[in-house]
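One structure is given below, represented as structure tokens, and several questions about it will come after.
As written, the chain order gives the labels A, B, C and D, with residue 1 at the start of each chain.
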Amino acid sequence: MPLYRRHLPCRFFTGLVVFFHFFLFLLLAGQAISQTAETPVSSAIDSLKLTDHTPLPPGSISAEDVPDDAGGAIDIIWEVSPDDVPNGKVRSYHIFRSVSLNGMPSEFTKIGEINAGSTTFRDGRAAEDVDNFYKVAAVNFENSNGTLLWEAMSSPALVGPVHATSQWFNTRRVNAFVGVVLLSAIIIFLINQAKSGKNLYIRKIAGLEAVDEAVGRATEMGKKILFIPGIQDMNDVQTIAGIAILGHVAELAAEYEAKLEVPVSKSLVMVTARETMKEAYARAGRSDAFHESQVVFITEDQFGYAAAVEGQIVREKPATIFYQGAFFAESLLLAEVGNAEGAIQIAGTGEPSQLPFFVAACDYTLIGEELFAASAYMSHEPRQLGSLKGQDVGKAVFLVAIVVGIVCATFGWIDLSHFFRVN
Amino acid sequence: MSTEFGVWVAALMTIGLFSFLYKDNPFFKVCEAVFIGSSTGYWAVVYFFDNLQKKLWEGIFPPDGAVGDAWLWGGAILGILMLCRLSNKIGWIARWPVSFIVGATAGLYMINYFVSSAMMQVASTMQSLVVTNGGGIDWQATIGSVVVAVAVVSGLIYFFFSKEHTGAFGGVAKVGIWFLMITFGASFGYTVMSRMSLLIGRMDYLFGDWLGMIR
Amino acid sequence: MRREIPLIITTIAGLVFAISYFIPHMPFGEAETIFGDWVTIVQAFAIWLGVLNLLRVTGEKIHRKRPGWTYAAIVIVTMVGTIAIGIYEGFAGMNATPPSSYRDAGTTFDWIFQYLYDPLSSTMFAMLAFYISSAAYRAFRARNLEATMLLIAAFFMMGGRVPLLDQLISPFTDTLVFSKLSSWIMNFPVAGGQRAIAIGIALGIMSSSLRVILGIERSHIGGGE
Amino acid sequence: MMGHYIALSLLAVLGLGMIFIFYLTVKGRTIERRFVFLYIVFTVSLPLFVKMKPPIQVSPEVQQVVETITSLSPGAKVLISCDFDPPSAPELQPMLVAFTKYALKHDLKLIFMGLWPLGPSQANRGLRLALADTIIAAKNLTYGVDYVNLGFQSGNEFVIQAMGGSFKSMFPQDDRRIPYDSIPLLNGVVNYRQIDLVMNFSAGKPGTIEWIQNAVDRYQVKLSAGNTAVQAPQVYPYLRAGQVRGLMGGMSGAAEFELALNEKGKASSFILSQMFSHLAVMLFVIVGNVAWLMTRKKK
């Protein structure tokens, strides 16, 4: 525990010091008077105070413009005062600034203070394109119950003039810049490739192979298929991916003549889902089989929607349920009821917090990016396909870098992590 | 038992919402309506004072008579355009502020995620697998860093879509899915912990603050 | 025009935030500050848009006497009441000496927070505890190798993060093995797995943000071409 | 003490109840959801009456938080961002209270703020509790000098980012509408450079990951965090990379924190309930799976 917080011993200690001073003063004053009459008594007191409480000034001081910033900041750096030791005479440093236009410092104003032991202070409010002068002084003081008893300041160390300037490029972030530009270029290139009709390969995805079987089962059993595209609006990429998968499922359902129903919780999703399904049924050559009533808007309210769909599952006991899109707490409720009613459940979401429940309660789950890959795979939409490929390139680069970096670090050859660390 | 009126109100509201677990009923619906009303109202007041009044209004018209920040007018105009969505006729103009927010978020996220969640994570994975501890090998830390390295590499390979999961590549991907499952299992356990804490908090309120049965 | 202007706004806003990370100099650093202010203001307006919208929807429900309109009336009464009290107390506190906040203890607004908002919102989320338990009983099955591994990891977490399993083995040893094990799982395998996920997500966000800034992705302004 | 024994015996009855549920389920008669709900009500409530303190092991990630905090010298300025609302309070409020008590006892200067609209109210509540502590009350701390609440600002991560330039631009006045410049504690505080530590109590987004992205990786801020259990696993990679110094996850993290700082609070008294509720969920999973496997074998 620091010394000054012990109130009672502290006061006792201060008393002792004062008493000691008084004696010393008498002694020295007597000496001074006896030796030379020219030294005034008061200055003797001052010097006494200085020698006892006042810390020595900080050592060599420098100031420089903060690099890689928008200007307006200067770092002041000093060496600690010789008295800046544990329980020493330095409690803090005070920093002063003077602004001048003619190259000479004018009046200094205090701009901040910092605890003992510090050697730098950043002036974040320095004006640009003027001469800034700084002073740093070591300070000792005594507090009691929040009131300042006394304060003693060393003679200050002066530095200046310095200028605060703003830079054109943050040089510490070159690696991030290179990374962003490179990856962006690759993604744009691949999107254009996909647009021009180039076939970009995507691997098989486990959950998707089960779709055929799941749809077929519904036809066999003569029961419904439910497709739930999450509870977010069309501005969420997960919903977009979900709807793309719906297109594929709808096509299959039309072929197998299974009944497909889509309860939704956003009106825009309803419109888009109807469009997608209509096209899918047309592709399967069964436009007549599609009815708009297959897509039902229920409610925007999260739990209201969950309760309604839950009721539908219990009443109609669908053979297959798809959950593809953005899900939150309702995932648990829906998947539980679907499981209890014995449906085959195929889920897919990018919400990391809901994935565990889908994995535990559903037969197949598309994990995170697999959802997007699946939708790109099915829709062959160039934007999705191109970005997915671009991300794969990014992953490949990172993978190689990680492996090489680990090998280098393990054998102590070279530390590659610097190329990836950004400040 | 508490003698405070507010505690009784809070307790009854709590029981009202819980009554839904038995079945849907009017009491639950009343509580739900109060919840929607009071929460929307609360948020509205907070945003009104902490942003619109304190930052926008007093930013443009400082109370001490200083010169206001004229740039804030831009935000004010975008904000008012946002309210146009209430009208069917000029609702399309609300796309301007929406585009602004979407664009700004995209710009910030592009950098943030790339730097903090990709570059920095890659950098911190590039560590020596062998961790020494004052001369000898720190086996616990060494095993740990091997596990982390394997998890990151195999997990990334699982999410790699340009190559079929066959052969050695498929084997690594298999290891990747195991690590992902352990990860999901942990978040499963943590989520259970979280949800249970919330219920404990409510039960403590009912039995402690309201009925005064605990301590 | 209805399509071009929003696209231009998106691109400018996106570029400013992306570029100012690398170029702190005028005008990017300044623009970033100004745009940052605007974002906070637009978001505050968006909340009020939600309030007015809710008012409109529920008002219509009451007017047309649709099913459940009585509950809609309760929503409006509590919402308008909360707003009125909050704004009145806010301005009153502003002019008081010393100035106080509408949030301070003792205000009616704080009463609403403590005895309505708090219990109601907490209870809404507490109900998930029940649903999770019933799902544990009826739905979480070790149906394949993956799900089995997930459940085993979950077991170690649930039993290890609280001194549950350690308490069970306490007659034999006092070393708190399971606490240490669960901590180890979190710090190594889970940190690694989460890191793989984080890198994947980061690349995904990066590419979708890029599409938004370049105007390739336009679903936020009403989709399509 | 009566309650203690009654609760203990009822818990024993609950254990027997689980055996009965197991029997029914294996027989193919899955019990109704409502009984599961009722079972959970009892498992969670009864331990609240039991006076037993299970042994807790402070995990390394919580220990790291404690070390970060204890290394601060008196007078150090800590920015506390309360990014949560009442539903997450059972997990995060105990951390906030324990931290505030410790910090005020050790003369740290506290600057509260919130990125969630309800955050500043949670901060006020925590402060009220901490200031009522006898040791802290004796210090006669004053608002504006020893602690301050800046309130809420909309804009999520944009607020964090803008604060890197200047705090004042986002919080021109504090929660009590005192202008930024006339608050003694904030004298000289321009941005993160003058802040010794940022403590973040987070229940989601914006939260710890946003603080890492916008404050730690951009402005080299020192950050420690407490998270809800749902969020915590996602923060571990950042913890390992050193972007966040220590992490408290959920109720158990809060209890460990209380233990390490020796500030007994709510979390420590809830941990027994937490244990029993976990036990119940684990048993439900086992019962459900055993019954499922048995019926599958029969087929």
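Just so we're on the same page, a contact is a pair of C-beta atoms (placed from the backbone, for glycine too) under 8 Å apart; a residue touches a chain by one contact, two chains touch by 3 or more.
Quantities reported herein were computed from a predicted structural model and do not represent experimental measurements.
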(message) Tell me which has more C-beta contacts between its two chains, A-D or C-D.
(response) C-D
(request) Pick the chain whose C-alpha centre of mass, unweighted, sits closest to the average of all protein C-alpha coordinates shown. (result) B
(request) Find the geometric centre of each of chain A and chain D from their Cα atoms only, then give the gap between the two centres in Å, rounded to an integer. (result) 19
(request) Between chain A and chain C, tell me the centre distance in angstrom, where each centre is the average of that chain's C-alpha atoms. (result) 15
(message) Using mean CA coordinates as chain centres, what's the gap between chain B and chain C in Å?
(response) 4
(request) Could you tell me which residues belong to chain A and also touch two or more other chains? (result) 176, 180, 183, 235, 340, 352-353, 356-357, 359-360, 368-369, 394-395, 398, 422
(request) Return the residues of chain D touching two or more other chains; collapse runs of consecutive numbers into ranges. (result) 30, 37, 40, 44, 87-90, 118, 151, 153-154, 158, 161, 170, 177, 217, 230, 233-234, 237, 240, 249-252, 274, 277-278, 281
(request) Send over the residues of chain B in touch with two or more other chains. (result) 21, 42-43, 47, 51, 55, 59, 102, 104, 108, 110-111, 113-118, 120-125, 148-149, 152-153, 156, 159, 180-181, 183-188, 190-193, 196, 198-199, 201
(request) State the interface residues of chain C toward chain A in the complex, per the touch definition above. (result) 18, 21-26, 29-30, 128, 131-132, 134-135, 138-141, 143, 146-147, 150-151, 154, 197, 199-201, 203-204, 206-208, 210-211, 214, 216-217, 219-220, 223
(request) Over in the complex, which chain C residues touch chain D? Could you list them? (result) 21, 33, 36-37, 39-41, 43-44, 47, 93-94, 98-101, 103-105, 110, 113, 117-119, 121-122, 124-126, 129-130, 132-134, 136-142, 151, 155, 158-159, 161-164, 166-167, 170, 174, 176, 179-180, 183, 186-187, 190-192, 194-195, 198
(request) Mind listing the chain B positions that touch chain A in their complex? (result) 24, 102, 110-111, 114-115, 118-120, 122-130, 149, 152-153, 156-157, 159-165, 180-181, 184-185, 187-188, 191
(request) Within their complex, state which residues of chain D touch chain B. (result) 3, 34, 37, 40-41, 44-45, 48-49, 87-91, 117-118, 151-154, 157-158, 161, 170, 172-173, 177, 179, 209, 212-214, 216-217, 228-230, 232-234, 237-238, 240-243, 249-252, 266, 270, 273-274, 277-278, 281
(request) Give every residue of chain C touching chain B within the complex, in rising order. (result) 2, 5-7, 9-18, 21, 34-35, 37-54, 56, 68, 71-72, 74-83, 86-87, 90, 102, 109, 111-130, 132, 136, 146-147, 149-158, 161-162, 184-203, 205-206, 208-210, 212-213, 220-222
